[in-house]
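Next come two complexes, and both contain chain A; in the first it sits with chain B, in the second with chain C.
So, the complex of A and B:
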């Protein structure tokens, strides 16, 4: 029973990781943009959710559609301004320059959040209990987060592989020239990918704030964690990232229980080093 | 025309000068240059909220001192810079305060982390510096005697919990500690205390932040089934541990956490899970210390908010510094330091007393308990607003 509980805790934690990492994976996979502002989008959405829920008393999940749409529009507005001009310089240069631009964007967003919400950690007291099933405890917040993550992953997979717009996005990520030759408007595709990535990151923020305490200064930790997960799963591979996130959650749960908190904390980074050494090609787009 | 050659003229001039002198301003405190107290404060960055309370306490103390005529017949003036919550920035700014601004006295920054960064500099320039925001005891050692602790040491955090729990039949303890100097000092002190009290430690671990999930630690605590859980925490891990213990279906008889529960957002963040949770504070509104109620009233009038313990430590640090300056009748740093290391001062947060290295011995950390969403002082009993309720229910 204990082993099962450790496994359940790990899988639920992995679900949270899927949510945090998948949107960053989308932006990098399609555009080659290293979005260092990823964690800032999560945090801003999370803090907005906290403000909304604490001021209105309304269910924090009610804000999710609103946040998704608004942040999609923000992403669609930012991409032509900040990212698209870099794309003219070629993919390799754009990757490097986008790193710098999104670093600046991250700094601006974090400082804005500090000005608006202050530096205190906050969280939303929602779904704090667990559901009991067959003698096992299932954290309500993590179950909801995991279900949302599964839904997002499934929808992404379906959209990318079964719809024309999704296939256009995949085509543009594989070969920009080829996509243009096929009549695909790659600029529009890139804007769509960035807007969707930002919206999904923000949706993740709405859910993360009910799982853990957030403050503006936690943005970079979330970005780093997301990078580790997509590096482990294979950049641009949606299934790979989901599997890596779940395995990492289970590995951390086992380590945390048997070895302790510090080992649990350092495990993702140790795994990253091991994977990079053993499989150096892993940090290329799948 | 030398005047001494004409004594009658000199006498006439002197007599004329006497009534004129009555209209000249008397040589008062305003005429003397102010005593400048320099320091940094985290106006921006992650420490800004708590630091804001501390500096407001300092500002109120300076205003009170000036209203009472200043020190050594001179008014006080504050020279403050924003250290952006960074030890590196603070280090450069303190050097500027000492070498360029040539301030007369220094007051330390907020937080143990930032203070650790500036401590060697303070020592190098031999400036007797009150440190209101640094509870980490490792700062105050024999090679660092110019830093004087102005708050209770984190060795004292939750030090009244284990004896109180033992008195109520608790026998086993789980210890959790965040990997930071301040919380680890608390963690090791409680570990030693549990052994001294003969209480069995059934589980212990340290962890680092960010830790997105505490479920594995909570599950391990649940399996060890301790009577008391002592967690030396900051805010985010205090929230995480409280929630995870509940999610894993475990409520110890006593749950104590250090930094976090005393802050207002905590109760909102965990809701009913905060009920009967125990924490600690170095200052409370019902402390029967000299002028404590006056401090609260003046603070509210000046800043339109209630003070917290950060404000009290800032205020008390200036009280102590003033006592040293007045007692030594000097701004000589060595004299001030020697006086501080060997004397006690009654302040609004208790009796200031330090050892030969500047480590606090006088200030205490009393126990608070959240009861129906309200923090109440429960220990020591002589000063208690309510009795310690147990068991912790986790709901």
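So, the complex of A and C:
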């Protein structure tokens, strides 16, 4: 029963990780850009949700569509300004320079968040009890956020594989020249991918702050967490990343129980090092 | 132009005109004032050794490299300097070197993406035509492109380009990595394409292959046309071989 409980907790946490990682994966897959400002977008959206929900008393989940749309527009505005000019320099050069640009963006966003919200950890007090079912405890916050995350991920998956614009995005990520040969406007696809990636990161932020406390300085931890998951799951592979996210959730849940809370937070870093040593090829695009 | 195919009037608007085009990549001038013409319904081969500028020529026409100077006209309409995806939409189908397929998407996805700009009825028609022309693709519809054999991949790249419903098809060394028998089966589709009103510009390194398939040919060396004429004539011309050997 205990083992089952640990598994349930892990899978619920993993559900949230799917969303955290998939948004980074989307941007990387299409543009070869590792968006180091990923965690900053999550944190900014989370802290905004905290501020908005606590000052108006509105249900934090109701903020999600609004945050999603606003951050999509922010992404659509930033991409042509910061990322697109690098794309002309060729993929390998662009990958390196985009690391620097998004690192700078991360710095700016985190400092702005510190100025606006300060450095203390905050969380949205919402759904704090748990449901009991078949002798197992289901944290309400984790169940609801996990379901939201699963829903958003499923929508993303459906959009990528079943719609013309989604398939165009997959095509452009696998061969830019090939996509152009189909008459796809690759520049527009890149903007769309970045906008969607930022919006999904923001959606993740709204959900994360319901589950755990955030502060601006946690941005980089979230970026790294997402990076570990997409490295484990295979860069650019959507199914692989979803599986890796769920597994990491379970692995954290197990270490958290048997070793302790701190070990839980160290685990992604240990895994990253192990993966880099054992399977260096994993860091190539799938 | 030295030759005019009797089936097409000399005064008809050519399918494709490349006029005095110069393309630079970085500090290198790859195409140096190159001119050629493709008449409607023709198959024309661009011959040349490795590095002569064949791929750059095709990529310049397709809009992947903007020309530094010169003009490119598709049925009289100027297309140089336009974004590449718009040139595809204007009616230039491109089968690039290296094929540039989407390894993790299915054969059916490739056909769908190629035909995404056509109205549904036309798309269905083109798709049926592709499956008739390349029956093997019909048996692999659900398979990922990355798992196809080299010949199947080449056919898929051609089918994807033809799904865009082009008026001019650019074929960049379709023979690379393929057994001669498969290359011939690719070339055997040319008459069918011609009937459908598609004119073909073929870049080819192999003299024999390039000249068998074409009506006319141009020989490129160091980014310029050094020889041109009817394919049958050039096959007899020792200067073609001399150019290849750098004499």
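Convention: the second predicted complex is superposed on the first by the 285 of 286 C-alpha atoms of A that agree within 3 Å, B and C clash if a C-alpha of one lies under 4 Å from a C-alpha of the other, contacts with A are read in each partner's own complex, and residues count from 1 in each chain.
Going forward, a residue touches a chain if its C-beta (ideal position, glycine included) is under 8 Å from a C-beta of that chain, and two chains touch if they have at least 3 such contacts.
Remember, predicted model here, so these are calculated numbers, not experimental data.
Q: For A:180 in the superposed arrangement: first (chain B), second (chain C), both or neither?
A: second
Q: Using the touch definition from the top, say if A:118 reaches chain B (first), chain C (second), both or neither.
A: First partner only.
Q: Figure out whether A:129 sits in contact with chain B (first) or chain C (second), or with both, or with neither.
A: In the superposition, A:129 contacts chain B only.
Q: May I ask you to decide whether A:225 touches chain B, chain C, both, or neither, giving the answer as first, second, both or neither?
A: Only chain B is touched by A:225; chain C is not.
Q: Tell me the contact category for A:109 with respect to chain B and chain C: first, second, both or neither.
A: neither
Q: Identify the partner contact of A:9: answer first if only chain B is touched, second if only chain C is, both if each is, neither if none is.
A: first
Q: What is the contact status of A:167 with respect to chain B (first) and chain C (second): first, second, both, or neither?
A: The answer is second: A:167 touches chain C but not chain B.
Q: Which of the two partners, first being chain B and second being chain C, lies in contact with A:213: first, second, both, or neither?
A: first
Q: Between chain B and chain C, pick out the one touching the greater number of residues of chain A.
A: For chain A, the partner with the higher number of touched residues is B.
Q: If we count contacts the way the header does, which residues on chain A are in touch with chain B in the complex?
A: Touch list, chain A to chain B: 2, 5-6, 9-10, 12-13, 16, 54, 114, 118-125, 128-130, 132, 137, 139-142, 211-213, 215-218, 221-222, 225, 252-257, 260-262, 264-266.
Q: Name, in rising order, each residue of chain A that touches chain C in their complex.
A: Result: residues 164, 167-168, 170-171, 174-175, 177-187, 286 of chain A touch chain C.
Q: Using the touch definition from the top, list the residues of chain C that touch chain A in their complex.
A: Answer in residue numbers: 62-64, 83-86, 88-89, 93-96, 99-105, 109, 112-114, 116-117, 160-161, 163-164.
Q: If you look only at chain B, which of its residues touch chain A in the complex?
A: 44-49, 85, 176, 179, 205-208, 210-217, 219-220, 223, 235-236, 239-240, 243-244, 246-249, 263, 265, 268-271, 273
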